[in-house]
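Which chain is which? They are A, B and C, in the order written, and residues in each are numbered from 1.
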Amino acid sequence: MSVRLKLLLALTAALLLAALLAPLLAPHAPDAGATAQRLLPPGSAGHPLGTDGQGRDLLSRLLWGARPSLLAGIVPVAAAALLGTAIGLLAPLSRRWVETAALRSVDVLYAFPGVLLAIAIAAALGAGLWTTVVALSIALTPPVVRVVQTEVLRFRDADFLAVARASGASWWAVALRQALPLVLPALVVYCTTLVGIAIVYAAGLSFLGLGVSPPTAEWGSMLDELRGNAYTDPVLALLPATTILLVSILFNALGDALRDQLDVKERSVR
Amino acid sequence: MFGRTYVRESQTAAFARFAAKRCALAVPVLIGVATVVFATVALIPGDPVTSMLGPGATPEAVAELTGRLGLDRPLPLRWWEWLSATAQGDLGSSIAQRRPVGEIVMTAFGNTLVLAAAAGLLVLAGGVALGTLTAVGRGRASGRLSSALSIVAISAPQYSVALLLVVLLGVQAGLFPTGGMYDAIGGGGLGDRIHHLALPALAAALVPMGVTARVYAAALTDVLNADFVESMRARGLSEAAVIRHAVRNALPSLLTIGGLQIAYLLEGVVFVETIFAWPGIGQTLFQAIQARDLPVIEAGVLVTAVAFVGLTIAVDALHWLLDPRTRR
Amino acid sequence: MSLEVRGLTVAFAGGVEAVRGVDLTLPAGGTLVLLGESGSGKSATARALVGLPGRGERVGGSVTLGGRSLLGLRGRELRALRGAEIGLVGQDPSGALDPLRRVGPQLEELLRRHRVVGGGAGGHDASGHGASGHGASGHGASHGWRARARSRAAVRARVVELLEHVGLPQPARVAGSFPHQLSGGMRQRVAIALAVCCEPRLLIADEPTTALDARVQTRVLELFGRLRDELGSALLLVTHDVVAARAVGGEVAVMYAGRIVERGPAARLLTAPAHPYTRALLAAQPSRAIPRGRLPAIPGSPPPADRPLPPGCPFAPRCAAAVGVCRVERPELEPLDDEVAAACLLAEREVVAHG
């Protein structure tokens, strides 16, 4: 394992731990604000990262905000990975018409740019954290199917799969025991990068008012709230924007390091 | 001696066949897309009638408007009518703005295309430059740096970048306008437009630029390591000629990924347009969602998805033309 | 125009050698087969001759073609030599061609590059094949476009002729095809056309038939022989295949662990070899006498090229005839008579005993 990969894994673990321990680490309650302490600059006494327009401590809000933001980044990817793998793995191995039907439906979903699909679904279901999770789960499934499908197609005609099938193993057994291990490296790499993308999408939905609604601390809605102060307090406005950027870079770099580690070829899916 | 030449099979008929087949395949996808859009919008909570008439409307007025909009009829019927009307180019009229939806959406889409074209140029130029540096400098510091840069670009959320650019270059440095397409007074010239385009185009371009750079770098590395490149050197071709062949061979991958990424620009514009007040399809969609303006949402999502499908077809066609191996 | 190789070495970055001092002589119009297992250094030798060593390899010794030193040539000079005076045919025919260009233009590019026909005064006379170089020069300036068209037509005619010459049916159609539309054997013929289009004085074929099926192999080898005779160029065939070596004939040099272990005329060497390694190679070839499935392979494997050789004869650990002295003393290539030379202590003794 490369030093780079170890470092990135440690950083990811630290990030997840910080979100988990937010109640212990945060110096203030995330939604306790005092109007007298509005828009304090970073470095103020008791508020290391300053306060927002309602006098709420930004460090505490960023820590608490990590919980819904990471949740909305990780849960949809897990769901999309399960669903996408199931479709991508079983479709090429199953009957012709099942494959056609499944892949055509994915084609239709694939025709929507991801954010647009998520926006449409989130708008339909109404704002909220779980809405975001559902919308992203659906929006992220088609690309996962593509990844799995490309990998499976590389191996579909391999002799050992034919042998397994000829020996009377069930579709399920062939898919899980033979095909899944072949697909796994590419899937792990892609899903790691996908977490970064999902975090960005989730915060984006909140930013548009379709995700977690105020006053709950969440990176996207914090960005939206502080956007209005960009002209007067640019540093504060950039805090959530930079946080999302850094976390996104973290997951993409982790995916890249995993790609090198697992020797997965660079492909264009997204 | 004159006129003696090679025997080549005509490719025109083959291309026509390919194009026809590809377009035919797109029809069910488009119908599916339209159905998904319709179904999603039909589920949108919040009653458009009450939001139009306000909370104090009489039940009679509500019933009258519901009937006039056809919202009281069964869903499958509304779906079929909407689909056939849409296929004929009739997108209905906006509930909130009381204007034909086609007019609203097409104007907005035109503005988005301007933004997407500018960003597309940045995507291709930046993607090729970064990708070439990564491939040629592989194993050296320059390669690692450009590889890291493209990861940062991939990770950069459009809204974060947009805000960063607004604050740093717009507000702090005052170098660029922070919103709109041109100055209200004395604006509208080419220079003014480019000035207004710069920041939103850059914000929209970063992610696809990073993806393009990485995929192009991988393709170029493959080609540079290919046997035929060494064979050409062994035949004494000049290094410039060898590179020309290599780049030509990486071109299909570049156009495939570049084309798809330009299509994905369409998804980033929702954020970029909202932050930069660019009157495009993204901003229109955002406003329509907040106003529960069903026909505009339907048409906006539909137009974007159709453009997306069209671009994929164009990319496939280009790939067919550039890589003879795909012509089977 | 003979090829003289003296003390050729190919060394890796660590100083370990893949080719450990090789001497070769190949007269104009002659044939030399470099025979050996994979890892014997035969391909490294061939690549070193055209100035294309592998990554991180350094080449030493001296190589001259017609009295002109090849090692140390750089840039323009080296490129002018490659293709024009030395033609190289590789193992994998699909790796010889740009997959995205039609066959014809690829040949045209090379002909123009080395100015055989078209685009200026031809350096070589293409006599013997009908189409002589119709250069643009000599025509009036007012007829420039016409001269160019004439030149283009001449180049194309030459391309079709070349493809016909390497035995491709429907050469005009092949010229208008993409590489993937051709079979492996056809692609290899195109690769040969590319290698001989400038009538090189030295034709190097590195395992040219390995990727082809058996029936096509023989024909391609015949083609090499024919081209050598017609062009009067020297042919260096690198192969692991005794059958291919027999088919081409001429001189044979057997390589093992980066050195030549036996050298002599094919007729003698491939029937009554003196070196135990050559004997083992011959025994490992499939023949009608040996039933299929009972192919005797040489036990063990050649010493790795990335480590220094242990003392003694490099083949001793795998040699059935090895005696004590073989593990101590390294044999040099010594002439056994006026035709054959071998690097084997036992072979020398035999000659001494019988002579």
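Just so we're on the same page, a residue touches a chain if its C-beta (ideal position, glycine included) is under 8 Å from a C-beta of that chain, and two chains touch if they have at least 3 such contacts.
Keep in mind it's a predicted model, so treat the numbers as computed, not measured.
Novice: Tally the contacting C-beta pairs at the B-C interface and at the A-B interface, and name the larger one.
Specialist: Spelling it out, more C-beta pairs touch across A-B than across the other pair.
Novice: Let me check something: if the centre of a chain is the mean of its CA atoms, which chain is farthest from subunit C?
Specialist: If we average the C-alpha coordinates per chain, A ends up farthest from subunit C.
Novice: What is the distance in Å between the mean C-alpha positions of subunit A and subunit C?
Specialist: Each chain's C-alpha centroid was found; their separation is 56 Å.
Novice: Would you mind pulling out the distance in Å between where the CA atoms of subunit B average out and where those of subunit C do?
Specialist: So the centroids are 53 Å from each other.
Novice: Using mean C-alpha positions as chain centres, tell me how far subunit A is from subunit B in Å, no decimals.
Specialist: Result: the chain centres lie 22 Å from each other.
Novice: Across the complex, what residues on subunit A touch subunit B?
Specialist: Subunit A residues touching subunit B: 104-105, 107-109, 111-116, 119-121, 123-126, 196, 200, 203-204, 207-210, 223, 227, 230-231, 234, 237-238, 241-242, 244-245, 248-249, 251-253, 256, 265-268, 270.
Novice: If we count contacts the way the header does, which residues on subunit C are in touch with subunit B in the complex?
Specialist: Listed in rising order, the residues of subunit C that touch subunit B are 50, 52, 78-84, 87-88, 90, 92, 94-102, 104, 109-110, 113-114, 134, 149-150, 153-154, 156-157, 159-160, 170, 172-173, 175-178, 180, 191, 194-195.
Novice: In their shared complex, at which residues does subunit B touch subunit A?
Specialist: Of all residues in subunit B, those touching subunit A are 28-30, 32-33, 36-37, 40-41, 43-45, 147, 151-152, 154-161, 163-164, 166-168, 171-172, 211, 214-215, 217-218, 256-257, 260, 263-264, 266-268, 270-271, 274-275, 285-286, 289-290, 297, 301, 304-305, 308-309, 312.
Novice: Inside the complex, what are the residues of subunit B that reach subunit C?
Specialist: Going by the criterion above, the answer is residues 1-9, 226-228, 230-238, 241, 245, 248-249, 252, 322-325.
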